[in-house]
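This is the structure I have questions about; it appears just below.
Chain nomenclature is as follows: A, B, C and D, assigned in order of appearance, with residue numbering initiated at 1 for each chain independently.
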Amino acid sequence: MTELTLVQAVNRGLQEAMRADPDVIVLGEDVGVNGGVFRATEGLLKEFGADRVLDTPLSETGIVGSAIGMALYGLKPVAEIQFLDFIYPAFDQIVSELAKMRYRSGGQFPCHVVVRAPYGGGIKGGLYHSQSTEAYFCHTAGLKVVVPSTPADAKGLLRTAIADEDPVLFLEPKRIYRSVTGEVPDGDHRVPFGSARTVRAGSDVSVFAYGAMVPVVTEAAAALEAEGISAEVIDLRSLVPLDEEAVLASVGRTGRAVVVHEAARCCGFGAEVAAVLAEKAFYSLKAPIARVTGYDTPFPYALENVYLPGPDRVVAAVRDTVRAG
Amino acid sequence: MTELTLVQAVNRGLQEAMRADPDVIVLGEDVGVNGGVFRATEGLLKEFGADRVLDTPLSETGIVGSAIGMALYGLKPVAEIQFLDFIYPAFDQIVSELAKMRYRSGGQFPCHVVVRAPYGGGIKGGLYHSQSTEAYFCHTAGLKVVVPSTPADAKGLLRTAIADEDPVLFLEPKRIYRSVTGEVPDGDHRVPFGSARTVRAGSDVSVFAYGAMVPVVTEAAAALEAEGISAEVIDLRSLVPLDEEAVLASVGRTGRAVVVHEAARCCGFGAEVAAVLAEKAFYSLKAPIARVTGYDTPFPYALENVYLPGPDRVVAAVRDTVRAG
Amino acid sequence: MAATASRPSAPAPSEDRLGGARLVDAYRAMVLARALDERCLSLQRQGRIGFYAPHAGQEAALVGSALAVAAEDWVFPAYREMTVALVRGASLQAVVDQLFGDAGDLAKGRQMPNHFAFRDQHFVSASSPIGTQIPQAVGAAMAARYRKQAITTITYFGDGATSSNDFHAGLNFAGVFRAPTIFFCQNNEWAISLPRERQTRSSTLAMKAEAYGFPGVVVDGNDVNAVYAAVRAARARAVAGDGPTLIEAQVYRFGPHSTSDDPRRYRADAQVEEARRRDPVARLRAELLAAQLLDEAADAALAEEARTRIGEAIGRAEATPALEPLSIFDDVFAQPTARLAEQRTDCAAHLAPGGRSS
Amino acid sequence: MAATASRPSAPAPSEDRLGGARLVDAYRAMVLARALDERCLSLQRQGRIGFYAPHAGQEAALVGSALAVAAEDWVFPAYREMTVALVRGASLQAVVDQLFGDAGDLAKGRQMPNHFAFRDQHFVSASSPIGTQIPQAVGAAMAARYRKQAITTITYFGDGATSSNDFHAGLNFAGVFRAPTIFFCQNNEWAISLPRERQTRSSTLAMKAEAYGFPGVVVDGNDVNAVYAAVRAARARAVAGDGPTLIEAQVYRFGPHSTSDDPRRYRADAQVEEARRRDPVARLRAELLAAQLLDEAADAALAEEARTRIGEAIGRAEATPALEPLSIFDDVFAQPTARLAEQRTDCAAHLAPGGRSS
């Protein structure tokens, strides 16, 4: 066990994966000499050299497009997109190519690329350094999407992602890159995809979250406990594949559900969770399903704290849900 | 009134808008000399000339990027994307620029572009000529998204889109471009955004659909009537803004809901409808909310009929829903 | 063409011209390509296949380039390169099964006709979005170099694709990383209805390479040996570590863009007639006859052989069973997720006689 | 700089050199730019503004280009062009309010510092994604021509942006449609940590224009008059209907990429020192002193004037109230949808003292 910040855990995960397998290659903007604008790739160039840590030109199309070619040839590229907000120039390569390569070739051309991207608000980044558009990727068949909220999961999910046979979008909650610290198992620690994590057990309501919303929800749950409401907090951490079993089991016990994310509400991942529950947990439900999310506006700068769900909004939604039925 | 096919109604809408306003400009691949690969822009070059009907190079980035510039300058560009499947090279321009221009400038730079795109399956188009990825755009704050299912709505929504002050994604169900014919009001016929259309009234269950799924659902409703199930069919037609009032009112009456779309299920627009209902119509609901959708696989070629929701799948889901409670 | 039997013999590393038997091999491949093309157009008209994108007029570019690269090299094609796959040893049967989307299709009927994938031939799965294969070819080339394998990748695309994002990204990466990649642009003068001169204002497409710091060459795409030599030279440069080359093969698309297209809407017949006077198949035929590498009888036999093989393959394809409906759930991921397994079960219930709920 | 008062006088149409009072005007703008830049860096260090991207080293390129275009022309900037907005008459107060994101910000605090939008100055809202403004500038130019208005658009971007999709699309469209656009590339040698020579292998960035069929020119970006002349010439070409021009202004970024960046990680101080010897502000100062258009006293007065104006603007910004929280719901659409109205109400309840549910 080593105590690490979340971004250090990402760095450690990359380093260990590169040590374990010479096919693992890192590429992206400013990942080499500069060690990444958030320092997630710090030290990698020095240890592994310029053949394995590639500072690329300013083109996400080129980063993901060339990573796909590397993966087809048999390497295991890990591409960094500097901010999730800048992934759109690569959207065609991700949606049309990466996600569909195995399928369209009838399994002849698996294409395993890990795309890492810091995402989310809370760093005063405004419209273009704050987005949480994970739903675009969750809606894209053929991609896996995971989001750690702790250092241990950051390393464990990243090692799993790099070892996986399918394309993975690995989203890093940059707001808690350094504010969250935790014990990380040494060695080949892996967290399986498709398994949610119970952050705290509770009996009155299930609150689902991921990434930087997990600490927010946890704080809310503590406040709620003080007023006698027992909230179960589930960190989904793997959006695709989703741990439906855990989601349904939790609501089966509590009968109430609140879903929390930073992303805009309309067609966000919270809609998917609510829809799954409205179909499969209908008879357990005692109250309407609430969504606490970013609003359906672009992400603002000066007033980001108005936009972002905070513990207060979670508390209010949980209270309403518990009072409702 | 004139009897037109859906694609003719689009053509008519473009022609009338261009006649009415010299600021309306059409641009895209093969829209001029060739009249569009589906003939939606047939005759426009001849009537309005090469200054207003622009055959562009093969770059969706360029098409939408230059259309944004035109709109900022005060024109009303209508950009055609040949297939929705090919919109991704323009995704950055749409998501980062078009959707956010008004917002980020504090209202100083409104940016009104209509992006037209044929979408959907059923024409043996395989992975890249069949997609329904409307959810990506519905999740993007700042965009309006509409989908006609009749010739009258095609013209009426298109005229509204071109007259609107905001960016609009106008999706055309190409599968029924020619198979659906109907009376279209002459002159300046407009269908307001944010208003759903009741295709048929019913009392047992509300079935929500849009685009090429509307005829599928209507066929299913007829079959269900024969077995004594009264299905209300609602054509959402405007996804953003959504006519929540109509959706809630219908389920308020029927107590049951089935949502149908071609797109993949996970985070599709059906999830949003289900989530709205699970929050706001909870106490009316008598049965689980069903989603009848494309599967969470890429769109296949040879077996597209297995993938696409047909009347049989709608009938089965409605039956289950009605029997459930 | 059986998997290996009729594959033209591999070029000697130093060879920079096709002659003798190898030139006849090239011609045979071109005759097959032309015959298959014609046959496919009529199969589509008869409703026996759903779509087709013809390559008539581009045979010398296709065959010349395909013969110039090695079996270890990787191909990143667009959608007019079935002939490249055949030259590399893909079976004619597999090609035809793809067009039919039947159970013999190696890609399980997932894609429209013309979008081939042949793992054994390093012929990467084609897709419809224009240009996306270009940076992928660069990445594969970088990967090969990383593995110290002295191969190249070759990527095919059209004049229209030079406007794509991926062209720009791919060529720029190739220049910066000196990737051993051959960019093979078939400039057939049209991108559906847009003529080359309205696609871009550069004087040639080849000169665009200069913007990325490496050479671009224009070659007469109707001359199989000119194409062959240009690709050989580019390959030699690439494996020597001298980086990428852009080749613009000037050809002409004789037929429609695809079976969904009516070229009379945008181009004059006279232009087509004029281009047909430079028909690459007729040209090579004349050369071979003049060089006495072929006579009329041998030529007729080649044509007959092509027709027969094609007819047999189509016959077999039409006798091949349809794909298993539930196969649409395979290959989304290496292992199906719980959700896909559930959807598969649900789908199976619908497909069962009588459907799910009855 | 007040909205119009200190705006340098408009150039005579034929003028292709700044001299006399106009050159002093240019210098004044550059002095203001440098002083503002230094002040912003310290504001950020003190936590009074959240972020800043400096432009020191690029003042001659900014001012020279801004003076060379007309008030009717449209500007499509990146994020280092506050000085262009000021030269065009945007008020210093509005610029500073944007940096503070206060209620005086014309863009309502929606964006990070440096992402300006000034409708009255035809200064289009900047954004962070690199390159996206480029095809937009082309479209606006096409629109102006359609309206028969003899204006141009000018778009600013960096060396890194030449790798973007939008650069390729924008320049290609401009070439094909002969758009009256000036592509003004400030090659400051670095894209964060990537040096120019690893961004692309072309010998210059200007030469990339040839791939799109129009001229590209390299200009010494430390020489305000060289920049001015190049932009004047490009503008003349554009309004004459001769199409676009790419200008590569060679400059150097003296400071960090932004306040989030530590350039010592990737470049040697010696390189910066060497570049500083070509400081455009010092250079123009020396020229003006030599030409006796300026003396030490006047120079000191200019510097003092800049400091005073900046100090006053910051003082006012710090006294300006914060934005109204519910303003985040404005400007998503021209009219709020029912859903946004509902979310606004919900948000208002949360913001009310005590919060919604208590």
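Some notes on this structure:
Basically, a residue touches a chain if its C-beta (ideal position, glycine included) is under 8 Å from a C-beta of that chain, and two chains touch if they have at least 3 such contacts.
Remember, it's a predicted structure, so these values are computed and weren't measured experimentally.
Taking B-D and A-D together, the pair of chains sharing more C-beta contacts is B-D. The chain with its Cα centroid farthest from the Cα centroid of subunit D is C. Subunit B and subunit D have Cα centroids separated by 39 Å. We define each chain's centre as the mean of its Cα atoms; on that basis subunit B and subunit C are separated by 35 Å. Taking the mean of the C-alpha atoms as each chain's centre, subunit A and subunit B sit 30 Å apart.
Each of residues 56-57, 59, 61-62, 85, 88-89, 92, 96, 100, 103-104, 127-128, 141-142, 240, 266, 295-298 in subunit A touches at least two other chains. Looking at subunit C, one finds that residues 105, 108, 110-111, 115, 127, 129, 163, 165, 168-169, 172, 176, 198-200, 332, 339 touch two or more other chains.
Across the interface of their complex, subunit A is touched by residues 74, 76, 105-108, 110-111, 115, 117-119, 124-125, 127, 129, 132, 134-144, 146-147, 153, 165-166, 168-170, 172-173, 176-177, 330-335, 337-339 of subunit C.
Note for the complex: subunit D touches subunit A at residues 50-51, 101-102, 105, 108-112, 115, 127-130, 160-161, 163-165, 191-194, 198-200, 260-261, 265-266, 322-323, 325-329, 332, 339-340, 343, 347, 350-351, 355-358.
Residues 25, 51-52, 54, 56-57, 59, 61-62, 65-75, 77, 89, 92-93, 96-97, 100-110, 141-142, 144, 164-166, 194, 240-242, 244-245 of subunit A touch subunit C in their complex. The part of subunit D that touches subunit C in the complex is made up of residues 163, 165, 167-169, 172, 175-176, 198-203, 207-208, 210-214. Within the complex formed with subunit A, the residues of subunit B that make contact are 85, 88-89, 91-92, 95-96, 99-100, 103-104, 127-128, 133, 135-136, 138-142, 240, 263-264, 266-272, 274-275, 277-280, 282-283, 285, 287-291, 295-298.
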